Each structure stands twice: as structure tokens, then as C-alpha cells.
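For reference, chains read A, B, C and D in written order, and residue numbers begin at 1 within each chain.
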């Protein structure tokens, strides 16, 4: 079920994100998202996956900045653009869905107005036309009685419905890239499945590139084509979902799967019981392999320098001097 | 611009020179220049002045409170006016004569005078005003005209006052402020206190009411039909009620007010402005409202029954210090129960004085059997300063410090006016009580009330608050009420002053003087004893 | 909606009842009454004082007086003000507009200015602009209004000679229409500004905090992710939410402003409710004081009701339950 | 991130506003405590020539007022009165407010209704007007002034405490106390109240500041206690001399403004230190 390889839609090259002039929170990040492809970005809380998503959107807080590397969307380097130019991409060529549907919508505006707003920001549309289109969008994300819900305020809608509205806003301008940051975490299990279903079908219909950020490996296996595993601000392993999950190369990925075969990272950031130690905070990251202090397989060279990114088969890479698992 | 001094007659000027410390403005000018530079008045213009508090009524026939005193004479005339020194001069009455026995006073009234509504003014108005208004509703009028049995009106322009006994003081109380003549055709047969004309005055006066914003402002406009030909010179007088004294200063200084009467500015500001070339300070024109700051000893308190204690206290208080630092020079150290503006009667000759002498004070207290206790305190007293103005409180603060030095612990108690009045004159729950009161155009009107034993009337404010009773004083006061011979009357009051200052039921602290401060361009606002409490008909604006 | 209004109304009536009873007893606690003041001003005999007490009903037991007062109040009869020689209602009707204009323009202006400063401050959080605004706010907050009022008079009126110091309008002015309005604006500029400063600081500080809070919220990020212009993000999405605590504050401040008006009206010689109440206390004009307390409290209740409605309009989450 | 063992003061001192605020308050308190030592004769003694400008005479560094009283002595002794009024008024209003708020929030029902309407009524009458009426009617003395300020400020505390109680009474630890049969009073005082302390402490700094300003405003209107010299008293006395000797007004005004400012800085700092969730920065 691997789709035909296409030119990358999103290419993140050697991206670092720093807090002021301090140590990087995210370093040397590389990954790609292709058109029509779903990439699952996984990692524990605090590993930098949400930061990465915000960096792509150009929404980092003022005290954070991308200090090196590039983010290319459809060949344009977004890090080189000013806020005004970036604004033309946000909501238009790329869009984002957030974790908390309950707070993602402005409580004092009707849901309709919030959909109309994005349409009018990027498309030359009259009010009436935008409203018509907004209702279509609400229908498209399968909100019942969309024309009536249009006039409702967010607090009248359930969490699932609100997330649908957020999705409607995101897809309103037919973006090429959709970033979904833990889109189902805050929802009931039954609703989670519906939303994932919806995302999947929208992605398929519109040939979207979908970057799905999650801590839930189950979700990744269910929805994604490829997986990118992050640890302590860095990508440790990348590849096709089945290949990576069935045969992890990096000790961290392996440890994860061993600990939670079905699993889920802890949402609250508790350490994983089966991997000793804890994720080091950015300021006390080791000089060598980031995972070295916790790694059961660590050797002397692991302490010396960060392992380079090495290809481990087709479309597959790992950052480890001593990969585990069977070679592909 | 040259300074004008015709407002001050020689005696006022000398009195001021002799007693007040440093008054820039008035001092340093020669009285001789008084009339030399008198200019021809110009017609027109608006005079803006400020005052506080706001008025309740517009006529002073039914109340004696301050705001009405200022307003009423603009709208209403009296039978008489007074030149400097309280010398009678014609107003609504052109001639007056007193019968030999002093029991009939005949007034010839000015012909052709019209009320503001066009009705003619007649002797009926005079009879009505005195018999039905002043005798009944006016605080001082009640006692002053108590022996006025009737006002006969043989014709429209003659009014004859029929008195039970001679009343020499009465002739000093017939101006438009003290005894304004009201229109009988408006008031007769009505409830006088609630007549709407009380706030929509119809008088014979120089000005008519143009508009009135309660608590905010009064606009008076020129009465074109005024009997005094060609007057008033001003088109309008605007009176704004401004509660804060510093704001009033700012208004005068910024030219938003032209003149301020009646010490309505902080004294220091008055002096500061007076030193500036554009402003002029005038201290004359307040003879009818001469006031003393005085301190009553509650003689019902055991401790004050001993005259030595009262004398000791008098010796502990430097009245000149209070004049200099509390009144900032606007006054004279208290030396008599009278006020020095009551020139015909005021004297310090043979009147005991109590110079500052703390040692003597202590000696007197020791002698009276009040030695210092272990903590250095002889006894404790409370003083109630009137909440009217700052001066009583400030003076009380000074007295507290002086008392501390002679071993008396003094507590100051402040309260609002109602409580103050009730405490001192109704409940009589005080040791010392410090206030400023008007001494009246004549001592019988203003001074007698504090010393006459028949005027010890709990419940009546500003009566004999010390509960002083001395038959000799009573006899003198009663004799002076009916004495027609000025010389004899002067002797009676001289004797009274000696005894009162010996017994000292009440300590005169300061004989206050009042000041008018205004822009130089405001001319002739103070031309007689009434000053700004007259009708301002002579006032004009230069430029 | 009707149920909500009814509930609020019954609460309001209860509150006003408490206000009336409370202020009545407060006033009656006073030693000395109106007649004592009148007597002090105009040399009365004891008989006259007694008959005046009968006339003003001051000879009755307090509870009877309260009953009489309240039964008259129901008919909107506030009694007679001896101090003004006029019915209390007439007096208040003359003064209410002064205070109302003063207070309402102060609320509007301090909220606007405070919000703008708060927003500027919040958007520049941490940099020198924010710091200087914050310091300004602190100083405005800490400086008593009467000090500011005096400084205004000295600078603008005495030194520059530019502004009228006292009153609501030029006394005796013949101006009408726009000219009159301009005259009033000039007269009220300094009092309103002096009354505002403290509240500008309050709104500014709350506005800053509220804006910072809101700017961190998810929906602001959503708005940014939509690619909306920053102006729209700040002024449409963030500001409207950040305003909510300010509106709540405004409700609480109205009553404080009426109180603060006493000082301002005193200094600027404005014939308003505050100064009237002050004088009524000292002249023991009980009816007037009670009337002023009643009408100003009633105004506060009404304004708060309006503010509640405004809040509901601003925040759809508040249901009319 | 805060370390639990650090004392509140240390945490405040680490906060820039807290440091400046505490220093200024320490200065004011120092003046209050040192008043008797530096100026044993008290603030009322007319020790020098009247209206002496600051610096004119070494014996009176800050000059003298219209009656020749040392302004420095007034300032020092005045800090006693001003701070005492501020603090006592705050304490009294916190007491009233806490009692009303606790009862209202804990019991709810009709008691809550009654107490809240009472609170509404108190907040409806313009507070400064009530303060004037109370002081004017009862007579200006320190206890009256403190009482008047407290009586108009408690509703704010009552609402604050009530809100906290409404929040806390549903918590497990309160419920379990009920189940083990703890008395209401014990629950209120030992379980819930200690948890409301943070917002009360933050509010109290503002209360003290407001009380100091209200006292000064009352003095400005001539409603100060004539036997206790506060900064407001000096301010009120100096007003008549504002144009001729502005230092008489400026000196107490500066002390007043700085103290109120300091209290606010400390309030802000307390807020940051005690409510970390309100801290800015993501």
C-alpha cells in the first residue's frame, strides 16, 4: 500500500529551533511529507514534535526561533519568508488542526463566522458566497444541520463537532499540507475513530499531504503511511510504518514498542517504565548520542559524537551507531 | 496702574497699621491719595466672583446665614445705608428722626421707587417687613425688634416705628443686609418661609435675578429702573459657588474670577496675590460683620469656676501668635469682648490684658490647687473647635501645644457643624469651645448675647455659652439697650469691657479682619461700611 | 430571558431596600439633626426649634420616621430639602446629570484608554514600551485623584490659561447646540481626566494581564494558523475576549466612581451628586442625603444591569438561565 | 519553577517588583518604628519658625509647616498613623469579608442569598460616599475612620472568599472531612480557609493601599482625626499653602504615592509568586 513516490511536498532540512540564544530545543531535524501521503510524527511529550509543527506553520512563540536549516513547502523556503508572506500560506497552502477542540475555537464568534473568515482571508469571496461555501464545508466534515449549526457558538457544540469545525476551517482553502497535532487525544474513543476516519477520507479525496502528530502508535499504524520517530528534539528513526514498527532499528523505537506493544506514549510525560532514566532536558543533553545515557546497547563511541543519519533501507533512515533489529 | 485707596478711611487705615503685622498691598500707600485719583466710572461689564457655601434663599430677612447676607443686598434695599464708621446714610429712607423719648422713629421714604415687578414701593411694605417678617423670622431681628410695637403708616411715604422703650442699636441694623425690605404684595398672607419668592427675589435693589443654578451659580443683572440714577454700573454680577478654597484662588489668578470677597481665599494666597501688581487687597467694608474668634469656658465645669484657672489659660495663649500664624495677619490679638470695628465703644483702656507668661500661668494653676501630677500633667481638658473654616482647628492645635507646656493635656475633638452646635449650646457637653462669631453692627446686637445672663439659653446656638452670670454686667448691658446718649452708652460699654475681661468667661482670641482681593481693574467695590455686603451699585470695571 | 430579568429585578429591589434601610439608620445614628444646623445658622429659640422638629417629623420615633419615609418613597416622594428650600427630587434632578455625565464619560474614556494601553503593553510584553507603560500605570494608580486634579488646574488653567477651572458650563452662557456642547466638554475635560487616571491604570493593568492571558489561548493560535492578518487576530479575536474581565470590572467601578466624584466635584466646583451628599451630611439634610444615596445606588444598580446585558452580548457562553 | 522550601519573603525578594516594593515598604515601616527615636517630641510640637523651606535650616531638613511643626517629624510620625490605618482597616475588612464569604460559600442556600444581597447593597452605595457619611456622622477619630474604610471594603474580600469556597467545597478532601464527621467550623477553619490564603494575601496589599488613599482623601476633605497626624493630615494642612509653600503638600504626597506604589508592586509580586499559573510566558 505504499503510494508511488512523488516530489516532496514538505521538506524539512537540518532544522534547529532555539529558545532565544540558548541551547536548541530541536536540532538537525530532517523529514519529508509527500503529496497524498500521511506521515505520523511520534515521540514523547516535550520531544519537540509540536514545536516542529508550529515551526512549519511559522507560529513559534516570539522567544523561539528557527536557528538553522530550512522548511520547504512546494519548493519555497518558508524560513526565509517574512510574516506577511507566510500569512499567505497559512490557512491556504498549509493548515493545522490542534489538540484541544474545546479551546481552539473563539468562544465569542459563531462557528460559521470562523469558517467564513478563513475563506475571505485567502479567497476573493463575497460574504454570501463565503457563507454558502462555509456551509458546504461544514457538511463536508459531516456536521448535521450544517446550515443551522453555522449560527451556533462553539460552546453549543460537542467536542467532536467542534473538532469537525476546526477541520472544516483547515480544509477550507484546499491546502496542500494539513498538520494535525494530536487531533483526537482530547476526544472520546468512539469519536476518535470517526475523526480519524474523516481525516483519512479527506486526505484521500483531496490528495493532501497529512502530517499527523501523535503519541499513539496505534493511530499511526492505522492511518499513516510513514512514521518519523523523535527523541529529545531529534529524529531517531524514519521509514514506512509497517517496516519501522515491525522491525525497529533504533534502540529507542525498539524500547518503545517493547514497552507498549499496542501502544501509547504517556500523555502526561511520565517516563517510560521499561527504559531506564528520563528524557534529558535541552540544557543537559549529552554530547554524543542523545539516547546514550538510557541505552542498553550504548558503547564507547556513542558518547563521542551524535550519530549521523544513516540510510537503513529504502526510504528508511536511523541515527544510531549500533542499530538493533534485523537488517532490511 | 496706580493703587486706589479711597475705600479706606483714615481710622481704619490707622487701626490696620497699628495692629496688623505685615499686609502687603494696603500698607505703604498714603491715605492722602485716597480721592486724588478717583476715576469716572464706566458702565457695562460683568463682574465674576466666587463664594461658598451655596445659598438657600435669596433674601436675608428670613435667615442670618452668610450666603444670604451677601446676596440679599443686591436684590433688596434697606431703609438706611452706612458710611465708614457706621454713619447712617439714606437708602430707601431719605430722612429719619427720633423722638425725644426715643420711642418713636419716623422715616420719610424715597418716592418713585419700584419693585422689580413694577409695583410701587410704599410704607406698607416697610410695616409688613418689620412687623411680620423681621420680628418673626429673622434670628437677630426677633430680639432687636422685640420692643417694636407697631409701624404706623400715616401715608405711603412715611413709616413711624413705635417702640416700647428706646432702641439705640436698632438704627445700626437697617441696611439691606440686616433688614431688607420685602414686597408686601408678594408676601402678605402667604407662608413666608415657603414663599417661592424666597428664591425668586423681587426687591427694589440694584440688581435683579437673571438665573440661578442651585448650588452652582447665581447670575444677577442690572436693574435699569434702579432709583439711584445711572447705577448700577455693572451689567451683570456672576456668583459661582466653589467649595474648594484653592480652586477659588486658581480661578482668581487665572482671571476666571475678578474679585473675591469675605476671605474666601486661603490667607496665604490672598497675601501672595496682594503682592502682585495686578491685584489689590482691601480690608475695609466689613464693619457690619466684624467677627471675633473667641473661646468659651464652660463655667458649669467645676474647674473653671476658679477665675485663676481662666486667667492662667489666658496667660498661656499668645494671641498675637495666632494672629500671625493662624490668621496670617488678618486680625488683631483679642483684647476686648467687642471688636475694634465697633469704634464708638471699643476700648482697651483699663481693660485687663493677659500677656503670654507661662510661668505666671503655672503659678496661677499651682495656686488654684492643680499641681502637676507624676506624669507632669495637672489635668485634662477637651476643646471643641468649630468646623467652620480651618482657623479654629489650627488655633486649637496651637493651644494644645501651649497647654502641654503648662501641664494641661488638651484633646481636640472635631465634629460636624450640627454636632458642634448641639454639643456646645444644647447638651453643654464641652470644656472649651472655640469659634468665630459676628459681633454685630452694635454691641447690643452682637456682643451682649454672649455675656447677658438672661441670654443663657441652652438650645440656642451662640447664646451665653459659658453660662456667665454677673448682675453688674447684666445691669450695664440692660442700661445700654435703651441709652440714647452716645457718651453714656460708651461709658457703659467701657465698664462692661473691663468687667468681662476681668471675669473672663470667654477669652477673646482674635479680632478678625476681612479682606477683599481682586484684580486692579475692579473699582469702587468698597465705598462704605457695608462694602461687598452692600449692593455693589458703585462698582465698575476699568477696561 | 423573562425569568432571568425577573430574578435580577427582585434581587435589585431587595438590594435597594437594604440600601434604604441601611442609609436611613446610618443617618439617624447622627447626633444632632437638621434643626441644630438651622439653629446654628440663624439664632433660634428653643420653641422655634421644637416646632421645626415637629414640622420635619423629627419628633417621631425612628422606626415611625423610617416607615413614613419608605411609604413616601414608594410614591417617589423624597421629601423636602431645607438646605435648598426645594423638594429633594428637584435638587437631585438638577445634579444627577452632572455626575452621570462625569461618571459615564469617565468609565468610557478610562476603559478605552486603559484597554488601548493594556493592549499595547501586552503586545510589547517585556520590552521598554511595556515597561514604561507599566510604570506610568503604577504611578497613575498610586497618585490620589485630588493630587492630579490640583496639578491639572495649576498647569492647564493657571499656567497655560487654557482651560476653564470650575463649573459645568460657562455661567450665564447664551450658547446653544454645538457651541454649548463644546463649552461643556471644555469644562468637563479636566475633571473627567482627573477622575479617569486611577481607572485608566486599573483597566490598563487588567487589560494587559487579560490580553496576555488571551494571546496565549488556543483560539488565537487557531486564528493565526488561518493566516489572518495580525490586526484581525488582535482586535477581533483576542480583544473581544480580553474585554470581558474589563466589562465585569466596569460594573464594580461605577459605584466607586460616583464616590470618587465627591473629591473631583469639590475641587472643580461641579454641582453634582457627590458634593451634594457631602454637604447634606454636614448640614444634616437627611432627606437630601438619603435621596442622593438612593438615586446614586439606583443608578449603580441600573448601570450594572445594563453591563450584565452588555456582557451577555459580548459573551455568548453566558446563558440567560 | 519555584522551590517549595523557599520562604515567601525570599521569593518576593527575587521578584524585581517585589524587591523594590518591599524595600520601599521597609523604609516606610522603618520610619514608623523610628519616629519615636528620631523625633521624641512628637509631630505636633511647634519647634521652629513657621513656613521654613526644606534645607533652609539644618535642624529642620524638610522644613516646617504653617505652625512651625517639623515636617520631617510629621512625615515619620505620619507614617505610623497612615500605615496603622491602612493595616487595621485591611485586617478588619478581611475579617468581616472572610466571615461573610465563608458562611456564604460554605452553606449556600438562603444564607448565601441574604449575605450576598447584603454584599450587593454595600457595593451599590458608592463606597467613598458611605465612608464620608459614616465619618461625618459618627465624628472623625481614628477608630471611626478605620471602621468606615473597613465597612466599605469588605465586600470585595467576601466575594473572593466565597468564590474560593464554592470551588474548594466540592473537592475530595473537603468531602472526606465531612464523611469522617468533622464539624463545619473545623472544616471551614482548618481545611478550606488555609487554601484561600493566597488570593486573600494578594488582595490585602491592595486593601492596605486603598485604605491609605481613602484616609488621605478623607483628610483632604477635612475629615481626618485632629489628634492623629497622618500623611493625609499634613497634606490637608498644607493645601491652603499650596501656592506659597508647595513643599508642605509635595512631601507627604510623595510619601503617600511611593507607599501605595510599593504596596502595589508587592501585590503584583505576590500574585506572581503565589499564583504561578498566572505567570506570563508560555
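Just so we're on the same page, a residue touches a chain if its C-beta (ideal position, glycine included) is under 8 Å from a C-beta of that chain, and two chains touch if they have at least 3 such contacts.
This is a predicted model, so every value here is computed, not measured.
With centres computed as the average of Cα coordinates, no chain lies farther from chain D than A.
Distances from each chain's CA mean to the overall CA mean are smallest for chain C. Averaged Cα coordinates give chain A a centre that lies 52 Å from the centre of chain D.
With each centre defined as the average position of its C-alpha atoms, the distance from chain C to chain D rounds to 23 Å.
Chain B and chain D have Cα centroids separated by 45 Å.
Listed for chain D are residues 136-137, 242, 282, each touching two or more other chains. Looking at chain B, residues 246, 387, 416, 419 sit in touch with two or more other chains. Chain D meets chain C in the complex at residues 117-118, 120-121, 123-134, 136-138, 209, 213, 216-217, 220-221, 242, 253, 256-258, 260-261, 264-265, 278, 280, 282.
Listed in rising order, the residues of chain B touching chain D in the complex are 245-246, 249, 266-269, 271-272, 325-326, 385, 387, 390, 393-394, 396-398, 400-401, 411-416, 419.
Contact residues of chain C toward chain B in the complex are 30-34, 36-37, 39-46, 49, 82-86, 91, 94-95, 150, 153-154, 157-158, 161, 164-168, 171-172, 265-271, 275-276, 279, 281-284. Those residues of chain B lying in contact with chain C across their complex are 46, 48, 50, 53-54, 56-57, 63-65, 138-140, 142, 194, 198-199, 210-211, 213-217, 219, 236, 238, 240-244, 246-247, 250-251, 253-256, 387, 416-423, 426, 457-462. Residues 44-46, 50, 66-68, 136-137, 139-140, 222, 225-227, 237, 239-245 of chain D are the ones touching chain B in the complex.
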